[in-house]
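The following pair of complexes shares a single chain, chain A, combined with chain B in the former and chain C in the latter.
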Partner chain A sequence: MTRHAKRLRIAGLSVLQIVVAALVLLPFFWMLSVSFKPATEAFAIPAELWPRNPTLENYVLALRPEFRRYFLNSMIVSGATLAITIPLGLLAAYSLSRFQYRILSVFLAMVVLAQFFPAGAMIIPIYKIVRSAGLLDTYASLIIAYITVTLPVAIWMMRGFLMRVPRTLEEAAAIDGASPLRAFVDIVIPLARPGIVATSVFVLIVTWQEFLFALSFTSSKEMRTLPVGMNDYIGQYGVRYGELMASSVMISVPVIAVFFFLQRQFVAGLTAGAVKG
Partner chain B sequence: MRSSKRNSELWIAFGFMMPAAILVSVLMYWPMVDTFRESLFASSFINPTPEYVGFETYRRILADPVFWQILRNSVVWTMGVVLLQNVVGFFIALLLNQQLPGQGILRSLVLLPWVLPGVVVAILWRFMYDPQLGLVNSFLMRFGAIDRGIGWLAEPSIAMAAVIFVAFWKGFPFSTVIFLAALQNVDKEQIEAAKVDGAGPVRRLIDVVIPAIAPVAAVNVLLTTILTFNYFDIIYVLTRGGPLNKTAIFPTRIYEVGFGQFRFGEAAAYGTISVLVLVLVVASLMMFRFFGYKEVRS
Partner chain C sequence: MTSVALDRVVKKWGHFVGVNDVSLEIADGEFLVLLGPSGCGKSTTMRMVAGLEELTSGEIRIGDRVVNDLAPGERDLAMVFQNYGLYPHMTIAQNIGYPLKVAGVPRQERMKRVQAAADRVELSEYLERRPHALSGGQRQRVALGRAIVRTPQLFLMDEPLSNLDAKLRVSMRAQIKHLQKELNTTTIYVTHDQVEAMTLADRVAVMAKGEIQQIGAPLDIYNRPANAFVASFLGSPSMNLFEMQVSDGELRNPSFRLRAPDNAPSALTIGQRPEDMAAVAPGEGDFDSEVYTAELLGDTALITVRIGHDLVSIKAPKDTGFRMGDRVGIRFDRDTLHYFDGVTGTRIEFETGGYAA
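Our next item is the complex of A and B:
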């Protein structure tokens, strides 16, 4: 290829890069922009991309007590789901990655299949279980429901990581007289840490945005999570888009932050199994 | 000594598995079975005591034109999102796989829509689509493509396309990331060999790259099909299934019947039917040999 043609090719591809960046960033930028616009500008026709007189008033308004409550609820439910999913998932994943009993292959097949169960098809019976336990409109009801969303995926992801942790280290520890449990705690867990982190990020992203169960199982304002609270806002605050966008930004910041800090590990976790096959 | 070692191995193999196995069975497999049982009973807000009606609910649903509309919508929605997401996602992955300045940043940024909570994405696009205040209309008007705002979500003929685009926007990064990882694993020597044989970029794509990533593409299509078919947040927040049920799909219908009207039996019947439809869809994908199912995760 001549130098000229090469340059032309790079220029063409750079234009495409800009198109992709715009596709991703324009709506996102618009959300940020409107969140900083005073009410008068948010209603300007036609819409302007930049805020003329940026203000924080939308954020001040959006940080009303109920929003702080939703935030707390979301943190509690996501945190508790994570705290249950990861240990139980790790134990099961270890068992599935190291032993060959037939019942374990049955369980593995169950886990794979369960990942694809539609929440919509399970929601009525889970609702009834939760209701008969007197747990409707509590954190527990959501944590129970979220485990159905996270546990099978978490087992599957962590099993993928553990398969790549070589067994020889555990065998060496066994020769040195360490019990299998000790070897698991001292050797396997530290080596599987990147996998545990990647899985945790995934679980957090999923539970932070879960909507269907939270909408169906909570009825009081005190128990609403952020996504459901946001959905209520549409009805209550209608077209007060500045506030809606400010709340949206604040909901998104935690997941975006976690994601960008742990991105490398997370993408590795997401793609490893699907690609290596 | 031998047997105690064997005992502790058994203890770890089964003891470690047990808590998760119990939870998955009780919270997932039992409800899947119970949904079907539930669908044979009828109850409503006025008559809360369930009464056994056999397959009567199914008969009623199949005779209801709304059901057929929802079935059609679900297929259109799923196929639209899956095709758009994977085809565009693949081409964006090809672009991100080139040696270009700024690629590192773009590869990170591109994941942004996928990380945003679904409800946030939906609210953002409600606003983007707003007939008066939205960015979409004001762009189109500025370039003279239209002379008055379009109610993208209110117009029965375009609402489905509008919600499909939003799901595509949120979902394509997932396909792109998986495709990108697959492209980086394609054997460089094969590409060089094809180059030496005089194959142009398009030939190399068709003869070398696409066959090499076909299994990953199959996994991608399968995963996005299942996730899209079951996706609730975006449609519910954007349109609630409206206008005139034009964007109603199984999950929104199940929610509406179950928690809007408290007709649990009917909601459970819709749930059972949706599982059957999904199984049929996945089975037909497999028949197209679109299936390289080895290690899959959602």
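Our next item is the complex of A and C:
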């Protein structure tokens, strides 16, 4: 290719990237925009991209005590799910990455297969189980249900990262006197950290936004999580879009913040230099 | 410092025998090299000594302890891996100090000993770097530093130089040899490079197909290879071997004949090292041939001729006049001929002829 053609190609690709990015980002931008618009402006026609009279009114209204309660509930449920899924999943994944099990391929196939079942198909049996266990309207019901969803995927994801940690390093640690557990903690975990972080983010996102289980298993306002709580704004006689979008923004902020701060962790390549190069 | 003994050690995976009935004694302070072609079971043997691989049967003793059931960390040995096995998330200082940290050596003491070990392997300037910021030779020295830092009883090294370029390999080889003699630590060293084996070893154990073929000082093995395999594996270029039929008191092959030793079996392989053969004027040797290539090596010249399908190497003085395509006479030196059984390959010593040590 000539230099000219190459430049053209790069330019074309850049335009394509901008278009795709715009398509993806438009709803987010709309959410932000509406959250700053007064109620009269939200659905003015023709629609305007920027708020004409920006206001914080929606945020003030949205930050009701209930919202704070939902936020707390979401934190508890997501946090507990994460705190159980990651250590448990890590140990299981480690075992599956280091030992040959005959059922391994069956297990992995099941994990993938399970992803094809829509949650709606499983909700009724799970509801019955939760009810007969007397767990309806508790944090435990959600935490348990979420773990059943996140744990297999977490094992599957982390196994992939653990497989990439060279075995020689554990052998070197064993020769240096470390017990298998010590080698796991000192060597394997630090090297698999990008994978552990990525898996944690996955767990957080799945649980933070989960709606169906949360709606079905909780009935009292005290137990609701954020996605369910958002329903409050969708009333019989209309939708309070301003507040809905303001709380949507506030729900998204933690997720975006997590991404922002952990971005560097995703960058693998931490194992560079372990073995020849 | 300690001695090591392998007693009828066997390693099988299913029906595949990786190491077969290996017995070996390594003296206190000795530098033993396990030498053999790829896949012959050298690493497996070493890994069993290290405790990274379980024995199928047999016994390994380090000092007077049977170590079969001890974890690697309990065997008081250090190992240098072929790919170094450095911890990429730790600094060089942390890498070298890790065995001490695991052993619970207090921080102050640890830093002192890391510094001392780093000085020994000339790495003091790099202590705060990560392994990925070092060159291959420097990484190799980190692995050495980590091995010597806690003064183990036994060093194990599995092809530690194979990832380095030729020049670095020579200088690292000298460093390893020097270090080992200075510390006087019993060492087992695995390589498939016969030059490394010859230069480093007090004794060499030559392996093939999971079995030990011969154990001895490098020169002894070079001078009196126990079988045709060892003969061809040691030496560069390797020993010329000829399969001969014996009849009427003569050794015959399609190209030439030699007088047979008394009591020779009906099939005999004879061998002669390139430096023991001579290239002479046509008609003056045991047979004539044509020069296939003539290469100047520097201090000598290497003349290759063709006999049947085989190439035969002869080391000649560097001012030899032979050029490619010249007719040349080839002469055997009767005193330095090696004889091997034509069927089993085992060395045979004859009363007359054969190698006079």
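Here is the rule we go by: the second predicted complex is superposed on the first by the 221 of 277 C-alpha atoms of A that agree within 3 Å, B and C clash if a C-alpha of one lies under 4 Å from a C-alpha of the other, contacts with A are read in each partner's own complex, and residues count from 1 in each chain.
Everything below uses one rule, namely that a residue touches a chain if its C-beta (ideal position, glycine included) is under 8 Å from a C-beta of that chain, and two chains touch if they have at least 3 such contacts.
Small disclaimer: the values here were computed from a predicted structure and weren't measured.
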item	value
Touching partner for A:L169 - first (chain B), second (chain C), both, neither	second
Partner chain in contact with A:V60 - chain B first, chain C second, else both or neither	neither
Partner chain in contact with A:S179 - chain B first, chain C second, else both or neither	both
Partner chain in contact with A:A109 - chain B first, chain C second, else both or neither	neither
First (chain B), second (chain C), both or neither touched by A:A92	first
Partner, of chain C and chain B, that touches more residues belonging to chain A	B
Partner chain(s) touched by A:S216 [first = chain B, second = chain C, both, neither]	first
First (chain B), second (chain C), both or neither touched by A:I124	first
First, second, both or neither for A:I10, with chain B first and chain C second	first
Footprint overlap on chain A, comparing chain B with chain C	179, 270-271, 273-277
Complex contact set, residues of chain C against chain A	50-52, 71-74, 77-79, 81, 83-89, 98-99, 102-103, 130-134, 136, 139, 146, 163
In the complex with chain A, residue positions of chain B that touch it	8-9, 12-14, 16-17, 19-21, 23-25, 27-32, 34-35, 38, 92, 95-96, 98, 100-103, 106, 108-113, 115-120, 123-128, 130, 132-135, 137-138, 141-142, 169, 173-174, 177-178, 181-182, 185, 215-216, 219-220, 223, 226, 229-230, 232-233, 236-237, 250-251, 254-255, 258-259, 264, 267-268, 270-272, 274-275, 278, 292, 294-298
Interfacial residue positions of chain A with respect to chain C in the complex	166, 168-169, 171-179, 182, 186-187, 190-191, 270-277
Residues of chain A defined as touching chain B within the complex	10, 13-14, 16-17, 20-21, 23-28, 30-31, 34, 42-43, 45-47, 49, 88-89, 91-92, 94-96, 98-99, 101, 103-104, 107, 110-112, 114-129, 144, 147-148, 151-153, 155-157, 160, 179-181, 184, 205, 208-209, 211-212, 215-216, 226-228, 230-231, 234, 239, 241, 244-245, 248, 251-252, 255-256, 259-260, 263, 267, 270-271, 273-277
